[in-house]
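Structures are listed in the sections that come next.
Consider the two complexes below, in which chain A is the common component and chain B and chain C are the respective partners.
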Partner chain A sequence: MSKYAMNGITLMQYIILIHASQVGTGIFSLPRQLAETSGTDGWMTVLLAWIINCLAGWIMLLTLRKYPDFTLLDLLSHLFGKWLGKLLALPLIIYFASFGLVIMVNSMLYIKSWFLTKTPAYLVVLLFAIPSYLVVRNGLRVQARYIELVFYMTMWMPLFMLIPVGEGNTLFLLPFLKEGWLPVLQGLQKTVFAYAGFEILFIIYPFLQKKKYAIHGFLIGNTLTLLYYLFITIVCFIFYTPDGITTLNQPVLSLLKNIEFRFLERFDMIFLAIYLLVVSKAWIIYISCAVFSTAQIFKKQDHSIFSGIYFLFAVASVYVMNPTWNQSEEWTKLLSKAAFGVMYMFPVVLYIYVRGFEMLRRGKTG
Partner chain B sequence: MYFFSRFYKKYPSQKRIKMGKMNQIHEETAEDRLISIELFQNIKEIKQKFPASPDLVIHQFTTGLKQTRVALVYLDGLTDKNSLNNNILRPMMYDSREVNETPLPTISSCRTVSSWRDVENAILQGESVLFFEGQVEVRVFDTTGWPQRSIEDPQLESSLKGAHQGFVETGVQNIALLRRYIPNLELRIKEHIVGRRGKTNVWIMYLEDIAHPEVLKELEKRIEQIDIDAVINTGELAEYIEDNRYSPFPQFILTERPDSAVSQLLQGRFVVVVDRSPSVIIAPATFISFFQSVDDYSMRWLIASFIRLLRFLAFMIALLLPAVYIAFLSFNYEVVPLQLFLSIAESRARVPFPPLLEAMMMEIMLEMMREAGIRLPAPVGQTIGIVGGIVVGQAAVQAGIVSNIMVIVVASTAIASFILPSYDMGTAVRLLRFPMMLIASLFGIIGIVIGFMTLLAHLVALESLGTPYGSPLAPFRWQDMRDTFVRFPLWSMFRRPESTRAIQEIRMGRKRSKEKDS
Partner chain C sequence: MKKLLFALLSLTLFTTGCMDKMNIEDVSLSLLIGIDLDENNNLIFSTSSPVFSQEAKIKEEVYISPAITMRESREEDDKTFMALTVGGKVQAILVGKRVMQHKGWLKLLEPLLRDPKNSITGRIVMVDGNAYDVISYLPKDKPRLPLYLTKLIDTAHLRNICTKTTLQDLRRATYESGITANVTEIKKEKRLFVTGTALLGEEGEYKFSLAPTENKLLRILQHDTKGEFSFTFKNPNQPVGEIFPATAYSFSTSGISVKTKTDYVSDKFKFDINVQMRVVLTERLFKLDIRKEAKKLEQEIEQEMTKRMKKLIHKIQTAKIDPIGLGIYARAYEYEHWKPVKERWGETLAKADVKVSVKVIIAGMGISK
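Up next, the complex of A and B:
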């Protein structure tokens, strides 16, 4: 048995982990970003990006399948030796850690601008840090449980998006491909941040109990995200005019503003507050990946110290930098580039290297 | 020496252990001393061992044809006088005049011991001990009989349709109550003794072919590790063996209902019976199991499901309603529709306090009334309810200290927290309400969401005897959903819940019922 078996996760948890790591704050501005570059054909971009992601994940799993009990660090030190492996893992850990931080900062900005305008930023991040620390300090199994529970608890949320659909106009979607394929392809880079997340496969794969369903699980998780994004994008495109949508910063939130009940005004506030649960899933999984790998570098079984340090660092850095929307936008762009590397280039390079590595070794022994 | 060593923790421990060991060895040799052959020697020894015990009875008489001198020793009050007189003294003193050999008392349980330690223990447990002149062996008769309460309706967990027999303070009787439900050889009982001075018998009951052996091992390990003076109550034992000592949530079900204990046994859980305590521990518990009650299974399943959903709603109300009130009034008033807000504002116009203070005041008042109601005798307790609920509530509103809406909020919170079938879970909710109110007053809705997230994070990480506490919600188990939010019809619940890690998954007898149908 592998050493990760006692912390194993079920297939369902694996699916939800992949889905949860993808859906975060990116969804709020995704329809606008897509509309800006690819017009009303943006939803096709979402579909296209999904296909690419499936391929990328497949390549990742092709590599991982050969080493079913290896996490990223084990794999890298196996391939490149102990020290070089650790050195190579470092940028990835930083990537995971900063991704978690950026998601937290993004949600902090949303919360600050909608709810707690006068509360200092670091205090809001501190608020996030308390429950997250309680989850992250435990094993992956606990995180999987948290994410699973939150997933089931928040499944009803997209349904509310259906309420304003009646007032929309499906004609806004037509004609398809009015400007050809090019804008659709150009929009792809905008989806990277929204779809980023399945690179956690490198960390969670060895924990999966039924390895033979890894690819199925990944596809289901990714498709779940696709459906989520496709649904939101189409709803936004139907509700807003093709030009109107680009003037809104977060069209999804503006859409929610139109929902009103007799007993509850400003439903969007409550929706956004509860949506915090959904976003927390994303940052928790990223942070736990970073923290887990760090603990592995230092050869510690227990990573609770590292998670404590991480959250202290996160609060401190927000306190020092006091990030604004523009800064976060920049970071998001930067991270999108990094995510492009981690999600699409790294797996391919790794796969080719592994093939070469194996052939070389086989040559040696044979 | 001991006193000081407590403060200098660095090097005294070893010394202390050594001394403790020496003491122990000394004690052991002293107590394992054998019985003397001379009767008068033994009686002297007994009198020495029980110096200030006026309830110790040493009854000397002769028996048999040979007129052997014997002495019967027991503690008055702990023994059953009837069986002493009729089953021991009568055959030995009266019927045995013509019998040549040593006569035998007519009592069911009788054993022979030969060390002083056993003799002492036997006497302290309420057994009677018979010394013979010229014998190094002593007879011990089970004549235990102490003041007992008859079996009554469970006080804390009343039920409409369940059995009306509750556990009592005698462990053996509690075991018998459980055995009556499952007359099956697979029902196993493991005995442990807890407490150096108290020597409380603790029995772990389980069904051998259903319960998971690993959980049993864990449970036994934890019970064996307890090293204390005495265990008075089941709740004490639970606190010594639970997983997380800082959690507000109960990690074991404590019940005084044999029927609910049995249904848990059948699901693959363990029942720990503690002697001298009228409730038993059921382990491992899950969060959901505190929302299930025996009545759920004897009612129509639709109605039972409705009531169970009501309980979950009540849990949320009891936990969040005051917090939501505070958040909406002091922070996020834009969420409340204008009409409603106006009527709230009208009733709050005279109240000089911020919502948090208002809510805290009323909630603490309510908690006090509740606690006062428990301590008072039943007839007076009702008066407290009337005085507290009606008079104080009404007067507070009229005096302009609290608003009408606040009284409604507090009252519905109180009712909601009473619906929970488990008292322990109810108290957990009562306590958690206050931090929720505090964080809501600081951060509004976001505070509530963060508080809720923290609660989720805690619940998800919590375990009971190594099994996840959040199961079947986290980890999610489809099969167990049949008995979670909705109680499915009994015939569809042919599986035992996965959350208990039962090794026999399918309940017995399903095949048979199928054959009957066809």
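Up next, the complex of A and C:
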């Protein structure tokens, strides 16, 4: 029995974990960013990016399949030796940790600009940190349960996006491929941050109980994200005119501002407050991946101390830096570049290395 | 572990509530905002807010002040209003005709679009006259003005007497090169009147007004066939009455379908708008056997309708605007030809060939024969 079986997760949880880690704050500005480069053909970019992600995840799983009980750190130590392995794992841990922090900072900025304008940034992050800590300090199974619960609880949310669609015009989407394929391909880089998340496969794979469905689960989770993004992008493109969408920072939130009931105005506020639960799923997974791997480096079974340190550090760094929108956008750009490496380049390199490594070994023993 | 948790939880004690808490008594909600220009072209802003006080006799606070921008006018208001002015509940933005006649007046609405605390569902209304005259109007037989005004516009919109344009709609129409905006138009004489729809140019400048009957036609051409469409025509083939309008008849529609076809022939855009209407007679002051002569009446309605629509389209083309949104069709179906003329779509449409054909079916004649 593997040492991770104690914390094993079901296939459903595995699917939702992959989906949850992808859907975070990127979605708010995704339609605008796509429209900036690809115009109203941006939804095709979402589709194309999905194909690429499926391939990338498949390559990741090809490598992981050979070592079903190894997490990233185990794998790297196995391949490169104890010290080099740890050293190589370090950038990835930093990547996971900073991803979690940036998602928290982004959410904090949204909250601050939409309804808590005068509340200090660190207080908002502190309020995120306390419940998150209570989830993250536990094993993966507890986190998976939390994320599954939140997933079911927030499934109704995209449906509200359909309310303003009636005022839109589907003609805005026509003609397809206005300027040919080039802008559609150029938009691909914009989707990296929104789609980033399935690299957590490196950490959660050994916990999956039924490994033979790993690829199926991954494809379902990724497709769920695709449907989500495709839906939101098309709704925004139909509602906003092709020239108008690029003038809004977060078209999705502005879209929600139009929803008004007889008994309730400013539905966007309520929506954003509840959407925090959805975003919390993303940062919780990233942070837990980071602290779990850190605990492994120090050969500790319990990672609750590291998660405590992480959240204290997060609150302190927000207190010190007091991030602005522009800073956070810079970080997001930087992370998108890092995510590009971790999601697309690293798996391929690792796969080739593992193949070579095995051939070498077989040659030695045989 | 427990200790750490305890420490964290005790921290929450210090973070009770949020820093920007505001009591409703301290808030003055601007429900109406007015923008005007005086004789020397200085901007004048006016605000109307409800007063939450039992002792106040008049439950409305109105203040008219000159200011450079809308945001600055808020400070002016705060100087005299009991509470702090906020824009989160704006129901209508009244813009004087003199302001709208200038290009680029839309910039004045910037703060409403930028600050996320402001609502963007307020109606945009052009006032034929001064906006502050409307805002300081305190009718005795009506509920408070903001409620009355919004209700007036909303119900008039249901009968298609005017359009209803929210700030969001206006924003979309101005950023879209394939359509020009139109807003509700009101007038204050002894009382308030909805006079129809004001059509704006590509940069928001006022072009001309549509009467309620023309507004209905515009809405049909826009494919926006919600609400009630009621027309009263005069039948030219009937003998004219002496005092009473013996040739008049009215009908309302029970279903309209509109199809717009786009084409590009010999360096010109070509639009074919086909309207199909099912109508129900609601009034007829002359004798006619509908069982036998329905075809005749249908043709008459068709001719009259086509004539009126052509007239409207001609007016629109002369003014070089596109409130119908034909540019959206041009982009969707003739992108190659649309792209070079995108920036001067109004002029291009003026040269375009727009055809209208109306098909009418009398679906019912009511309970009298």
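Everything that follows uses one rule, which is that the second predicted complex is superposed on the first by the 366 of 366 C-alpha atoms of A that agree within 3 Å, B and C clash if a C-alpha of one lies under 4 Å from a C-alpha of the other, contacts with A are read in each partner's own complex, and residues count from 1 in each chain.
Throughout what follows, a residue touches a chain if its C-beta (ideal position, glycine included) is under 8 Å from a C-beta of that chain, and two chains touch if they have at least 3 such contacts.
All values derive from a computational prediction rather than experimental measurement.
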item	value
Contacts of A:N138 with chain B and chain C, given as first, second, both or neither	first
Contacts of A:L127 with chain B and chain C, given as first, second, both or neither	both
First, second, both or neither for A:I352, with chain B first and chain C second	neither
First (chain B), second (chain C), both or neither touched by A:M157	neither
Chain B versus chain C as contact partner of A:I309, first or second or both or neither	neither
Partner chain in contact with A:S113 - chain B first, chain C second, else both or neither	second
Chain B versus chain C as contact partner of A:D243, first or second or both or neither	second
First, second, both or neither for A:E265, with chain B first and chain C second	both
Partner chain in contact with A:F172 - chain B first, chain C second, else both or neither	second
Chain A positions touched by chain B in one structure and by chain C in the second	115-116, 119, 127, 130, 134, 265-266
Chain A - residues contacting chain B, complex	10, 12-13, 111, 115-116, 119, 124, 127-128, 130-132, 134-135, 138, 141-142, 144-146, 148-150, 152, 262-266, 269-270, 273-274, 276-277, 280
Touch list for chain A against partner chain C, complex	113-120, 123, 126-127, 130, 133-134, 167, 169, 171-172, 174-175, 178, 240-244, 247, 253-254, 257-258, 260, 265-266, 304, 308
Chain C to chain A touching residues, read off their complex	1, 4-5, 8-9, 11-12, 15, 18-20, 88-89, 116-117, 119-121, 168-169, 171-172, 175-179, 328-329, 331-333, 335
Chain A contact footprint on chain B (complex, rising order)	331-332, 334-338, 340, 443-450, 452-454, 456-458, 460-461, 468, 470, 473-476
